[in-house]
Amino acid sequence: MKGGIGYRLPFALMLVLGIFFAAQYYIPHPVVQGPKEMMLQWKQPLNAFIIFLALGGLVVMHARKVIRRQKRWGYSVVTLVAMAAMIFAGMVWGTGEGTVFSDWFKNLVTPIEATMFSLLAFFVASAAFRAFRARTTGATILLISAGVVMLGLIPAVEDAIPPLGEVANFLLKYPNTAAKRAIMIGVALGAISVALKTILGIDRTILGRDER
Amino acid sequence: MTPSRFFDRISRLDRRWIFLAILLAVALPFLTPLEFRAKPSEQTREFDRALDAALGTGKPIMVDVDFGPQTMAELEPLLLGVMHRIFESETKAIFFTLMPDAAAPTRQYLSEMAKEYGLEYGVDYVFLGYASSFAYTMYGMGTSIEKYFHEDDRGTPLGEIPIMKGVERLADVSAVVNMASNSFPKFWIQYGVAPFGFDLLVGCTAVNATDLYLQTGQLKGLLAGGRAGAEYEALLVEKGVVSQTGDATRGLGSQSLALIAILLFIVMGNAGYFLGRGARGPGRDERGGRP
Amino acid sequence: MSTDPYIWIAAILTLGVFSFLYRDNPFFCFVEHLLVGLSTGYMFCTYWHNVFLPELVNPLMAAPFGPEAHLWVVVGICFLWSCKYVRGVKDLSRLALAFWLSIDLGLAIPTEMEAGIIAQVAGTLGVSFSGTWDQILGNAILVGGTLAALTYFFFSKAHKGAVGATARVGTWILMIGFGASFSYTILSRIYLLIGRLLFLLRDWLGIVN
C-alpha cells in the first residue's frame, strides 16, 4: 500500500477492529466481550455528535444563503427561525408530554410530515397509470400478479370471489417469499463481500485517497 | 374521433385528473353510511396467539416503537391494539424507541393509555426514551440494557425504576414487539434474534411485509399494514378487549375504492398504450416520434 | 368544525402541502422549509436529552475517573471527527471514520451470515412436502423458485441452455414478487392518505364521525 503512516493507519485500525468484531461473535470469553461492550457503548454518543455536526452544516448553509441574499433566501430565514424556536422550546421548557415542544411536534411537525408522505398515494397512482405497461413477458407477469393481489386485498371482492382471495394468498405466501428470499440471500452475500473487501483494505475508496 | 385517437388521448391524461380521482375515491366512502369489517386472517390470529403466549409468562414485555408521523396512519392502530392487549392483561411493559421521530408520539400514546387503564409509571410501564445507533443498541441490549439506557425518558436512573428490577438483558423479558415503519425488524432478527434467541413479534407497514421470516421461525408473529390493523381491531372486538373498531377499519372502504380506481387507471393506461398505437402507426411511441 | 387553534393550524399546513398537487407554489415552499426547521430542532433536542446528556455528559460529570471513564475515548473520537473541518489536520478524521466503519463492517459479517444466509437456506431446504396439495405445490414453488431466482443472480456462468432457462423462470418468480410488493406499496400509501383525509374531514371539519 502506497502512502505515509497517516494514510495507512486508518486501514490498519479498520483491519484490527473489523476482525475483532467479526470474531467476538463466536467468543463469549469476558476478555473479548468486555472491550466489545465498551466500544459498542461509544457508538451512541458518537452518533449524536455526528448528528450535531450535520445540523451545524445545515445552519451554516442556510445562514450563508441569507447573508449573501441568494435565491429564495427568505425560505432559509423560515428554516432558521423554526429551528431556533424548536430548540429554545425543547431546551428551556423540556421535551416531556404537555410541553410546548411536544405540542409543536404534535400539531406542526406531525401534520406536515404525514401529509408529505401521503402525497405518495397520488404519485404512485399517476406512475401506475403512465409507466405500468405490459410490454414484455416479465412486465405482464408483474401486472397480473399485482392485479390479483390488489383485488384480493379488497374485502368485498374477497367475499364475492373466495378463490381470488386464496390465489392472492398463495402468491403472497410462496412465489413472493421465494423472490424475497433469493434477494435477501443475494444482498447478504454482497454485504459480506463488501465488508470483507473493505476491512482487508482491498477496497480503499471508503476512506478516501491519499491527498498528498 | 376514432377509437385509437380516443385511447391515445386517454394515455396522455393530465395527472391532476388522476390526483382528483384518487382524492374522491378515498374521501367519498367516509361520507357514506356504509360500514366495512375485516375478518381476522390466520396470520393475524397467529400474531395474537404469540402475543398471548408472551403475556402469559409473567415476565415484562418489551415494545420498541419505531414509527414517526410519516407512517402513523398505518401503524398507530397496530400499536394501540397491542397496547390494549398488554394493559388489559395487566402485564408490565417496557417501551423504548430507536427512531428519534417516534419519541414524542410514544409519550402521547402512553399518556393516553395510562389514563384509560389507571397505570402507574415505573410500576406498570416505563418509557426508556430514544437510543441511537439502532443495530448496535439491539446487539448490546442482548447483554446489558442499562449500558444503552442509563436513564429513562424522565431522567430516572434505570436502577431506581421498580419495573426494571430483574430486567438486565433481552432474555429477561417475555418477548420484544417491534412496531416499525422501516427495516428495523430485519435488524432485530440479524442483531437480536440470531445471536440471543428471543421471541420477536413485528407490526410493520405493508411495504415492509416479509413473510419469509415467519416461515423460518425467526419471527413469531407479523402484522403488516393497515389491512392487518383492521383485522386486529376486529379480533380485539371479538375477544372483548375493546368495544369498537378504530381508524384502520374506518379506512377499509376508502382502501377498497382507491385500489379499484388504481386498477382502472392501470387498465386505462394499457388500453391507451396498446389501442392508441393504431393512430400513431407502427414503430412510433406515445408522443408520435420514433422510440 | 373544530375550535382548537392548533387543529386549524394543522389543517392549514396540511392543505398547504396538498396544494403542491396542483402546482409548486410559495405556500408549499414555506411549509416545506418550516418542516425542515422544526424537525431539525426536534432532532437536536431529542439527541441532546436522550443520548448525549445521559450517555456521555452525565456519567463523565458524575465520576470523571469512575467505571465509565472509558467514555473519554468518545470525547477524543469526537475531536478527531471535528478535524474534518480544519485545514491541515483533515486526515485525523479518517481515524474516527475507520473506527466507526470497523464496527459496522465487522459485525455485519457473522450476523448477515447467520440471519441472512444460513437461516434462509435452512428455511428453504427444511420445508415439508406433506399436507394438502396446495401446500405441497406451494413448497415446491418456494424451493424451486428460490433456486431459480438465485440462478438469475449468478453471473459467473453465461445464461444459456439449462442455466438460461432456469434464470428466466427465476425472473418470472421475481416479477411475481415485485407485483405483490407493488400492491402492498400502493396499499401502504393509500393508508397514509386515509389518515390525512380523516383528520381533515373528522377532526377539523367535523363532517365525519
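The first chain written gets the first letter, and so on, giving A, B and C; residue counts start at 1 in each chain.
Just so it is clear, a contact is a pair of C-beta atoms (placed from the backbone, for glycine too) under 8 Å apart; a residue touches a chain by one contact, two chains touch by 3 or more.
Bear in mind the structure is a predicted one, so any value in this text is a computation, not a measurement.
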{"item": "Comparison of A-C and A-B (more C-beta pairs in contact)", "value": "A-C"}
{"item": "Central chain (by mean CA position)", "value": "C"}
{"item": "Most distant chain from chain A, judged by the mean position of its C-alpha atoms", "value": "B"}
{"item": "Intercentroid distance (Cα basis), chain C paired with chain B, Å", "value": "13"}
{"item": "Where chain A and chain B are represented by their mean Cα positions, the distance between them in whole Å", "value": "17"}
{"item": "Euclidean distance of C-alpha centroids - chain A vs chain C, Å", "value": "4"}
{"item": "Shared interface positions of chain B, touching two or more other chains", "value": "19, 22-23, 26, 70-73, 101, 103-104, 131-132, 136, 139, 148, 153, 195, 212, 215, 227, 255, 258-259, 262"}
{"item": "Set of chain C residues in contact with two or more other chains", "value": "21, 39, 42-43, 46-47, 49, 51, 55, 103, 107, 111-112, 115-116, 120, 123, 142, 181, 184-187, 190, 192-193, 195-196"}
{"item": "Of all residues in chain A, the ones touching two or more other chains", "value": "25, 40-41, 43-44, 46-48, 51, 95, 101, 105-106, 109-111, 113-114, 116-118, 121-122, 124-125, 128, 143, 146-147, 150, 153, 172-173, 176-177, 180-181, 184"}
{"item": "Residues of chain B touching chain C in the complex", "value": "16, 19, 22-23, 26-27, 30-31, 70-74, 100-101, 103-104, 129-132, 135-136, 139, 148-151, 153, 155, 189-191, 193-195, 205-207, 209, 212, 215-218, 224-227, 247-248, 250-251, 254-255, 258-259, 262"}
{"item": "Complex contact set, residues of chain C against chain B", "value": "21-22, 39, 42-43, 46-47, 49-51, 54-55, 58-59, 103-104, 107, 111-112, 114-116, 119-120, 122-123, 142, 181, 184-188, 190-198, 201-202, 207-208"}
{"item": "Contact set on chain A toward chain B in their complex", "value": "25, 33, 37, 40-41, 43-44, 46-48, 51, 95-98, 101-102, 105-106, 109-111, 113-114, 116-118, 121-122, 124-126, 128-130, 132-134, 143, 146-147, 150-151, 153-157, 172-173, 176-177, 180-181, 184"}
{"item": "Chain A-touching residues of chain B, taken from the complex the two chains share", "value": "13, 15, 18-19, 21-23, 26, 36-39, 68-73, 101, 103-105, 107-108, 111, 131-133, 136-137, 139-140, 143-144, 147-148, 153-154, 195, 210-212, 215, 227, 252, 255-256, 258-263, 265-266, 268-270, 273"}
{"item": "Touch list for chain A against partner chain C, complex", "value": "6-7, 9-11, 13-14, 16-22, 25-26, 38-53, 55, 58, 72, 75-76, 78-87, 89-91, 94-95, 101, 103-122, 124-125, 128, 137-139, 141-150, 153, 170-189, 191-192, 194-196, 198-199, 206-208, 211"}
